[in-house]
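You will see chain A twice below: alongside chain B first, and alongside chain C after that.
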Partner chain A sequence: MNIRRHPLSAALSAVVIAFLWLPLVAVIIGSFDRNALLTTFTGATGHWYDQAVHDPNVRSGFETTLIIAVCSMLLSLVVALSGALWWRRAPRRARAIYDALVYARIVVPEVVFATALFFLFLKVHFALGIPAIIVGHAVLNSAYSTLIIQARLIGTDPALEEAAADLGATPWRVFRRVTLATLMPAIIAAGLLAFTFSLDDVVTSYFLQGTAQSPLPIVLLGMIRFRITPEINAVGVFVMVLTVALMSGAVGVLAGAGRVGRGNRSRRRSRLLGLYQG
Partner chain B sequence: MTGEGPAVSLAAVTKRFGDLEAVRALDLEINRGEFFSIIGPSGCGKTTTLRMIAGFEQPTEGTIHVGGRDVTRVRPYRRSVNTVFQSYALFPHLDVWENIAFGLREARRPRDEIASRVADAIKLVRLEGREHARPNQLSGGQQQRVALARALVNQPDVLLLDEPLGALDLKLRAELQTQLKDLHRAVGVTFCYVTHDQGEAFSMSDRVAVMNNGVLEQVGAPEEIYRRPRTAFVADFVGAANRLQGRIREADGPGRYIAEIDGIGSRRVGGPDGLRVGTSVLIVVRPEELTVRAEGFRASVVDVAFLGAQRTVRLHSTSIGDLVATTPGAIDAPGRGSELFLDFDDGQAWAVPA
Partner chain C sequence: MAHHGLALPTVLVTAVCFLAPLALIFVYSFGTDNLVTLNVDFGWTTSNYTAFAQSLYLDTLLRSVALSLGTTAACGVLGLTLAYFISRQGPRTQRLLLAAVIIPFWTSFIVRTYSWVDVLQNDGPLDNLAHTLGLLGPRAHLDLLYTPFSIGIGIVYSYLPLMILPIYVSLERIDPAIYNAGADLGATPWRQFRRLVLPLARPGLIAGSIIVGVPAMGEYVIPEILGGGKTLMVGNIIANQFQETGNYPLGSALAVVLIVALMIVLFFMRRFQISAEVT
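Right after this comes the complex of A and B.
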């Protein structure tokens, strides 16, 4: 019996796809629903988008989210880039330890990190709030950024930097014109990824926000508890579109980057893209 | 280049990596304008030597002068030396034109000077029309030429080449050897070429240095190294050789000796100065010196290989052991198993300390 062709397999696939996509479809439909109670679809309207845009709660939540996402992305990139550059010349044992620390941040459940950071910040009297969330997001997201930048670094010929120095470039010029320039696609992709992950984070933000203005996902969470409205759906659609755009940007940059540089292109690319699939 | 004297000189240079002595007490002078090669097996220290001249490695001991200036502690970007890397190391994010202009931009040359010098360099390596191609759109041979142009456009005192033909196939290598030699003649820059391929080095170089285990074994013109090797290692490394056991019986003038060769008897041989009477030596006889005669020592043919212009004949002699001879390809090959007489002319053999 060919499992792939069995009618049950097809049915099962259909169910899985339905489970994945139906909620999103429901959110999109709901965002246009004229019926404020969302009981039956009674016709389309753009009213809820208008309301969402003018909702002060949503606006300030979105502003907070953007500030956190931009700052934690920059912090992630600094941590990831300097770490990866050190890692390239580090002794074997130190590299293994560093790798373990990177993977730990991906594998260990986020709630564990969030709790740990919460207690750490209390202990060192680092005030909870937006700066704490920024640091918290950077701790986790810099791990993903590190993997992307490392992958690019491995595929780069170390002689490139020697060649630049040989042609008269000072160490700073070598870094700017060769190291940074060849890493740029990976840096852009790593930044977009960190930005997106920060954008929809709930767990870490919830633990570390203190009394500060909540970022958008937590604002939404609060609104849902109170009442489910088409406005929430409209915000959801907006975030969805933004996330998809950023992610396709990251994938596009990485796929394009596969065309430059030495080393096994297809292997490197699949390794990078594997991040999104896995 | 300013100042007098050699283009490059290394004095008592030693390089250690931890416990490993990569280069030991190396003295070397490279003359201005010459095509100089360093050859040796992998791990012999030739690449380390090149990297020290470029400034990527610092010698543990000793001094390095380039163009009369002490550069021992000078960083790579302050040396008037440029390198063609084995991997070419072309900048993947820059096109051909920008790759070649890299050094001139770093030197902050005026815009129109950069434009004209890059154009000249592109013409020199015949890459007109490919200015705006990315390195990954070029063939191996073209990439190699970009690497050459990128180095030469800076008009360095010395051009260092680290196995630049290593990644190319045989036919292209032969072609590029000729081009490199022509290029050297055209630009007049001192070339220092590192390779493990002695044939490549011999075909292009004015002088060749042979290294082994971090030690310089011999420096000289290709023919001198081939005909008058100073050590058994050099004799072996630079081409096929019959190695016969023997000892020096008496000196016969400078560089001339009479040697007692096992299984053959007393013969006139050449050798480096200063071999003492009674020293055990290896007698080197090149395959092309060993010819079929009416008389000599008897050997039987084990195998014959046809190589076009010549044949390589493997033989066995009960008194001497295995031998290799070459005969012109035009004459009939001796049959396998046939017995014949071999000999070499007086003075065509060369003795090295065993």
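Right after this comes the complex of A and C.
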């Protein structure tokens, strides 16, 4: 019998898909549950969404999260873009060190990084709070952004920039009209990735927040320690919809860019998937 | 060279906010907490490291290693099953199934993790099922929540997509004719799996094991939610030393041990990876 048509493969795969989706379905159903204790489903209501939207804790948590996500995304992009442009023309050994530092920022456990940075800020009396969280997120997320921008740089022909310079474009014009233009899809994707990672971060925010207003994931963490309510489920569904929309946008941008660029289908898809492999 | 100015933001950020804090905890891991002055005395002592002999820390470290290995293995089995299945579908079904794998991964990490509290708690769906099937007495409960098992479930659930995607990438490039050839030549499905699918999926399996096993080892949030506030993994003990106990030298030593352990694992994984690429 050919393994491709073996019934066991399909059956086990269905189980794995169900494993991935059942808890989410439970959260979605729970967000509409009229029964506040979530013991038995007694009917649907939109009340919890209304309550979540008007909860001052959730509101200010969401605002804080957005401020942190936007600022740390911009900082990540500045670091990643300038670094990658340097890396392209750097000597071989300097490149290796740079790559090792990008890799290190991804593999060092976040709890170690966050406690160490918390400790350093404490020692040098740098105030904990929103700016500290922004910097902390940017240190980690710029590493992922760098990987995406580097991948695009490798596929870009430097002759394009040389040609533009030969035709009399000023360096600034070459940068804006050629370098930045070719990198734009990668910059957008890297930015969206950094944004969503910041949106969802718990550990770094938790250690660096100090006495400032907590971002949304920390607010949620505090709420579930108390008791799980339909309101938390409603916030969860809202965040889920927002993240899926943002990430679909990132994938769409990359896929569209891939269609214009060179490279066969499967390589393009592998690169897309590389986005989530970090 | 004006071009080297471009390196400035990266150098600043990594040196000040990444390398300096790690160097700081490395230095502190050799200090002692002075209970009188509340300062740290530097005697270059190794007492923070020998504190591991205390069963609490050693148990936790071993439990973290076991949980990391166990969840990586579980992700490998589940991931290989689904990735193989996806790679053998038509292009449209492939895209649909990949979306089904990725969308749960994009959901809020906190939400994804606490959703298991509902499922695993006593009088939850699993507990009720066990009662309905008559596996448990009327007063007995499964007591699945707030155990290493529930932490393991949480880790597998959160990291599974990170295992599925690289295996899929390895298998997707394979010409399906190779499986037909195996079947035509009379190999049993099990033999086809062992001799064809498994070797072809190997680079993806190794990459996936790195992306799952390494963060799983240092996990903090999942044991915090599904471990019921007990210090069940190294990440939680490190965090406690900095947040509550205030024993910075001990917390630093634990962090250094965790990083060294991960470096050793990564070193061996890289060697595996290189040998897999060669063969």
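Convention: the second predicted complex is superposed on the first by the 252 of 278 C-alpha atoms of A that agree within 3 Å, B and C clash if a C-alpha of one lies under 4 Å from a C-alpha of the other, contacts with A are read in each partner's own complex, and residues count from 1 in each chain.
The rule we apply is simple: contacts are C-beta pairs under 8 Å (C-beta built on N, C-alpha and C of every residue); 3 or more make two chains touch, one makes a residue touch a chain.
Note that the structure is predicted; figures quoted are calculated from it, not measured.
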So, after the overlay on chain A, do chain B and chain C clash or fit? They fit
(Q) I'd like to know which partner A:V202 touches here: chain B for first, chain C for second, both or neither. (A) second
_Between chain B and chain C, whom does A:A127 touch in the aligned arrangement: first, second, both, or neither?_
neither
Looking at A:V111 after the superposition, I want to know if it touches chain B, chain C, both of them or none. Which is it: first, second, both, neither? second
| said: Is A:A44 touching anything from chain B or chain C once the two structures are fitted on A? First, second, both or neither. | reply: neither
Examine A:A165 and indicate which partner it touches, taking first as chain B and second as chain C; both and neither are also allowed.
first
Discussion item. Is A:A18 touching anything from chain B or chain C once the two structures are fitted on A? First, second, both or neither.
Written reply: neither
Inset, instruction - Please indicate which partner A:L180 is in contact with in the superposed arrangement: first for chain B, second for chain C, both, or neither. - result: neither
Classify the contacts of A:D157 with the two partner chains as first (chain B alone), second (chain C alone), both, or neither. first
Winner on chain A touched-residue count between chain B and chain C: chain C
_Just to be sure I read the superposition right, which of the two partners does A:I97 touch: chain B = first, chain C = second, or both, or neither?_
neither
Minimum Cα separation between chain B and chain C after superposition, in Å, equals 15
Contacts of chain A common to chain B and chain C in the A-superposed view none
In their shared complex, chain B is touched by residues of chain A numbered 157, 159-160, 162-170, 173, 177-178, 181-182, 184, 259-262
Residue set of chain C touching chain A in the complex reads 3-4, 6-10, 13-14, 17-18, 20-22, 24-25, 28, 78, 81-82, 84-86, 88, 97, 100-112, 114-119, 123, 157, 160-162, 165-166, 168-169, 172-173, 176, 179-180, 182-183, 188-189, 192-193, 196-197, 207, 211, 214-215, 217-221, 224-225, 235, 238-239, 242-243, 248, 251-252, 255, 258-259, 262, 266
The answer for chain A against chain C in the complex is residues 1-4, 6, 8-10, 12-13, 16-17, 19-24, 26-27, 30, 38-39, 78-79, 82-83, 85-86, 89-90, 98, 101, 104-105, 107-113, 115-120, 123, 135-136, 138-139, 142, 196, 200, 202-203, 207, 217, 220-221, 224, 228, 232-233, 236, 239-240, 243-244, 247, 266, 269-270, 273, 276-278
Residue set of chain B touching chain A in the complex reads 54-56, 75-77, 81-83, 85-87, 89-93, 102-103, 106-107, 134, 136, 150-151, 154
